[in-house]
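In the two complexes that follow, subunit A is the common piece, with subunit B as its partner first and subunit C second.
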Partner chain A sequence: MTMAATATRSAISPRAAVLAYLAVSGIVLLLMMLLGLTMRLAQAQWINVQPDFFYVVMTMHGAGMVGIAGLSGAAVMWHFVRRHVPVSTAIFLTNLVFFLIGAVLILGAGFIGGFGAGWTFLFPLPAHSGSLWSPNAAASYLVGLMVIGVGFLLLHLDIARGILSVYGGLGAALGVKQAFGLAPEKDGPPPAVTASTMVLIVNILGILFGAAVLVVSLVNLYVPSFTFSALVAKNMIYFFGHVFINATIYMAVIAVYEILPVYTHRKWKTNWAFYLAWVLSTVFVLTVYTHHLLMDFAMPTWALVAGQLISWLSGLPVLLVTAFGTLTIVYRSGLKWNPAAALVFLGVAGWSIGVIPAIADGTIAVNSVMHNTQWVPGHFHTYLLLGMIAMVIGFMTYLTNPQPRYGFAWLGFWLYLGGGIIFVLAFLLAGSESVPRRYAVHVAKWLPYDRMGSVGAALAITGVLILVARFFAGMRAAAYAEDPT
Partner chain B sequence: MIQDVVWSVSIVLMGCLAAVFVWVATGANEQIANYGPVVDAAYRMRVWLFGLAIVVLIGTNYKTLGELPYVNTLPQPAAPVQVSQVVGQQWAWTITPDTFVVGQTAEFHVTSKDVNHGFAIYDPEFRIVAQTQAMPGYTNVLRYTFTEPGTYQVLCLEYCGVAHHEMKAEIKVTDH
Partner chain C sequence: MNTRFMSSRLVAATGLWAILWFAPLRLALERDMAVHMIVQLPLLACVGYLLAVALRRHEPHWIAQGDWLGIPGLLLVIFATSFWMLPRMLDAALADPLIDLVKFLSLPLLVGLPLGLSWRRMPLLGRAFVWANFIPKLGAIGGLYLAAPTRLCAYYRLDQQAVAGWALIAVAVALGATWFVVVFVGWPAADGEAAQTCRAPQEAA
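Right after this comes the complex of A and B.
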């Protein structure tokens, strides 16, 4: 089932709108990577950064990276889902405007107001600054997040409207009947629709919980006597945060389903196992967040045991469907590698490989000695930096193909990959040595890991700079081009 | 230590998975024109991999879920425990008492007066041996039996503001 997007009043073409998303994402990605490098260099004691500024940088890096992961993931999802359902370019662009307004509020909170409570704004820390930031600065950050959330909510609701208008129900769009053998596989929805349906189900719920805890935190800023359970707030924050960042991967993976068939000339098979994996992933993403709370002993034990079990189970759909499907479609396909195909292939590899240390950390006995060490940024940078972001840059490269200077792009690819591997291994190694995450100052024993991580980060940033620059060089022509087929 | 086991197992599994991706990538330029048999063979292999994954999942979870750190899942100690009250507050720990004996089970009752903190015990080699969160309004009970004498460090492992990295304390563990 294929249909064109609905005509909208937007003067900007849908393709130009997607490119605008990616341009903003590319610039913010590079800036946030530089903030990340700043932190690693400071921990390595190669530059001097005051702790108060370090924690501002840390907060901006986290919020900015989660933000552009969402923004760029949305660009991938919207670009492909609009081939199948009617969506509004005006609402798509509204989300971008909301994002930019939110970003200004967040950057102002940090770099002008000194807000540095971490991107997760763990309640009630925004109200306990130790006089380093004002309630207004904290409010600017929280409102900024809220504005971004409203934009994404609008976008998801519009995609939901489009999907419902074609498929009649979210279950049909997810492929529930195909998953359980109740309808022929050939009648199932295309991968982009299935993935988008999963994303909007989880993200609408996640954003609503996030908005609720943002309101609680805002009230607490100005009315300190208004109290709220720190444990309930933590549940809400991690539910929102986990769902949102996971959804970015599920948005970006649509690029894999759409781009690899173009270059391998093979169809991405959507059988019952594919649909079942997405149905299960929907359930798992909504229920697994308690693995962030394994060291909160006041939580009900059953919830924490469930967190461990679902962490393990949630790895199966990733590894056995998407990763296995990727390997199968590429295996002896006659594919002539190009940077776009290589990047989305790398994205699946990074995602799959990152699942392994993530599952380890989701095991309570391991979490007891690894929680909040650098093992955590180690695993999430593996599946975000070398997974999700690789898929997005692959999509950017795909849109700006064909370009004559592949050699330049390959240089960027290898720097990004090599540097990224060094960078994540430095985190994982340090985590196994109990180096805490989120420390502005490191002891001498930890410096070798910080220096290894700094070198890796510098190489990876150089690679991404080349790939993003190449995207900008081809962006104008891409605005009037068609997707490679 | 468990950290070393986790690192070794993780790096081996990550390396194996990476090797599979590299193998497929390097052979991609060869072509099997008929895709159908490739898919059929892959599906058969996936059934076996699914079975293997389920066995590993059940085995590992059966083993590790028998070693939970939560006090309501632990057997009652044979000897009396030594209770220690732990309070976190930006940016210091109050631990009373802070001296323990090798072999005697210590029971830390951990809470916070302001924001979330992380109560993590580092052994003399500066590796984590146990941790729990310190939350305002809640008391988390962490039981740990020290096996080696020495000076242990307590670090905060939940980001709590500008002096988070300075929030440290010491615990003494003696032979008797």
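Right after this comes the complex of A and C.
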């Protein structure tokens, strides 16, 4: 009997639950991409969007994309980790329900209540709307985030419960002994368990800090005389936000560890370096968030210097072992490329390339010039759109491809890749010319970048639409199929 | 569990309650806001917990069956503790001996006792969820005490309020750190579980 078979019984099969996650993710991803395109078209002056509505769209796009990255990443992680530890399908589905309830509250806050303070809800901005939105709209947004946080907390705690029941401690599941040569590498946990352990450690801590600052923000909303330190609140928000969005990549990368071995017919090898990389990244992800505050002069200097130094190192350990592992597993493997393998391979490439401009921006001297430019959406769209999302779509394609007929999928892949490259380059080029980010209205000199970005976004959306449509076409059959082996 | 065990727990609970009610100690504990909140109130809950340990075997069937997964009992605990976290209630307990007596009865009977009975019925996931909510909320309340522009309790000074705020944050940090260390290092597996080490997953898969 496998661990999966011992999981809690639920009316919906585990595989159907994963497909439900991916179906919601596919739809919301496309809708959020359309919101992103709306912003680029407005900046390009090809359509007319009122500035106050632009910020509503920006807030919804940001919150929606972060949320859907978390949800789809959780689907990848849960699908593979349940091969090794007992987890509850009911809790997994509960997270989906909480997510949908939270999403309705957030969308209502934006499109009905006009909330447009940015997805980071920086204290005390939700309470100072300049009459653009009401305290109730801001509360709806904050409560929506809390509800989503509760769902993810339950999911992570359940996975932690499963991991502890098999490994006894999170340290063992992370491979700490193997990392420091205290136990044989062959006895180390599988990559999916190591990655899931890292994710749940950082995400539980992040969610707890996020919940605390959300409570404070809610109190401030209705009792404005309660004024919390804005700097402490910003630290807490960016700790939560940084950890959560980073964890989405670490969840999605499990798809690389599990899918490439299937197509290359090679095992993903784990050794002490692999485990050490995950241990180090656990520490770095928890400590690096201050690189989001490099422009905050009130921050202690040591914290900013630490933010710079750790951000040079933060993503590298896991990225290096993953990129190296990807290249070695593919090299001379006789792999017959298909869209699923190509997408997860692209995911590693997009992640690796996107980290380079991110590390540049993590340098104080560069950050003081570049941080409020489009350089920043340039780098994070590179590793999220062409990295994390590529891994997730690769997973969707993998699940729905037992009998491959790849014609349309390849078309979708190349449109997505080509459009995505144009789209992120438009941001990076504009950033290098100091075009500011988060401006609803652009001057004539900036328009070529906006128009280039709009074209790229339209192409990428078309590609994703094809890939997601193909997923829906194969979903019913996939519900009763086994994973490709 | 024998009668001696039950009697010793009952004696311990009653004794602790009586010591806490003893006027010089009661006044000393209530003189400072932080001590009142972080020492006296939890100790009163401990009285109820000891009662639960003593009376667990004699718990009526209908309570055990009605307390589904320990959720009703835990909800009672949450509502009762939330009530005594209100600054106005701390004030009332100091101003009126009758309210203080209500505090001395309700914290053992509505917090400690149901906690002791329901906690064991709650699945591991539920317990982890309660801890995960309790710890950050404790920190957030501490932050709010620090952020409050005025005195929240008429009987305590602003500096005492600030100390209480920092103390709540310190307790949250200590609990969070302890929790993290325990789950990171793990605990000795019981009997059959001992063999289920890192090699088990590969076999399971």
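Heads up, the rule we're going with is that the second predicted complex is superposed on the first by the 474 of 485 C-alpha atoms of A that agree within 3 Å, B and C clash if a C-alpha of one lies under 4 Å from a C-alpha of the other, contacts with A are read in each partner's own complex, and residues count from 1 in each chain.
The rule is short, and it goes like this: a residue touches a chain if its C-beta (ideal position, glycine included) is under 8 Å from a C-beta of that chain, and two chains touch if they have at least 3 such contacts.
Note that the structure is predicted; figures quoted are calculated from it, not measured.
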| item | value |
| --- | --- |
| Three-chain arrangement built on subunit A, subunit B and subunit C clash or fit | fit |
| Which superposed partner A:G118 touches (first subunit B, second subunit C, both, neither) | first |
| Touching partner for A:K269 - first (subunit B), second (subunit C), both, neither | first |
| First (subunit B), second (subunit C), both or neither touched by A:T301 | first |
| First, second, both or neither for A:Y55, with subunit B first and subunit C second | first |
| Touched partner set for A:V104, first subunit B, second subunit C, both or neither | neither |
| If touched residues of subunit A are counted for subunit B and for subunit C, the larger one | B |
| Touched partner set for A:V216, first subunit B, second subunit C, both or neither | second |
| Partner chain in contact with A:I47 - subunit B first, subunit C second, else both or neither | neither |
| Least C-alpha distance (whole Å) that remains between subunit C and subunit B when both complexes are overlaid | 13 |
| Contact residues common to both interfaces of subunit A (with subunit B and with subunit C) | 229 |
| Subunit C contact footprint on subunit A (complex, rising order) | 2-3, 83-85, 88, 91, 153-154, 157-158, 160-161, 164-172, 183, 187-190, 193, 201, 204-205, 208-209, 211-213, 215-216, 219, 225-229, 232 |
| Interfacial residue positions of subunit B with respect to subunit A in the complex | 1-4, 6-7, 9-11, 13-14, 17-18, 20-21, 24-25, 27-32, 35, 38-39, 42, 46, 49-50, 53, 57, 60-61, 64-65, 67-73, 90, 114-116, 118, 120, 122, 126-133, 135-142, 155, 157-166 |
| Subunit A - residues contacting subunit B, complex | 51-52, 55, 116-118, 122, 124-125, 128-130, 132, 229-231, 234, 264, 266-267, 269, 273, 295-298, 301, 304-305, 308-309, 312-313, 316, 319-320, 324, 327-328, 330-337, 342, 345, 348-349, 352-353, 356-357, 360, 363-366, 368-373, 428-429, 431-434, 436, 438-441, 443, 445 |
| Subunit A partner contacts - residues on subunit C that touch it in the complex | 124-125, 128-129, 132-133, 135-137, 139-140, 143-144, 147-150, 176, 180, 183-189, 193, 196-202, 204-205 |
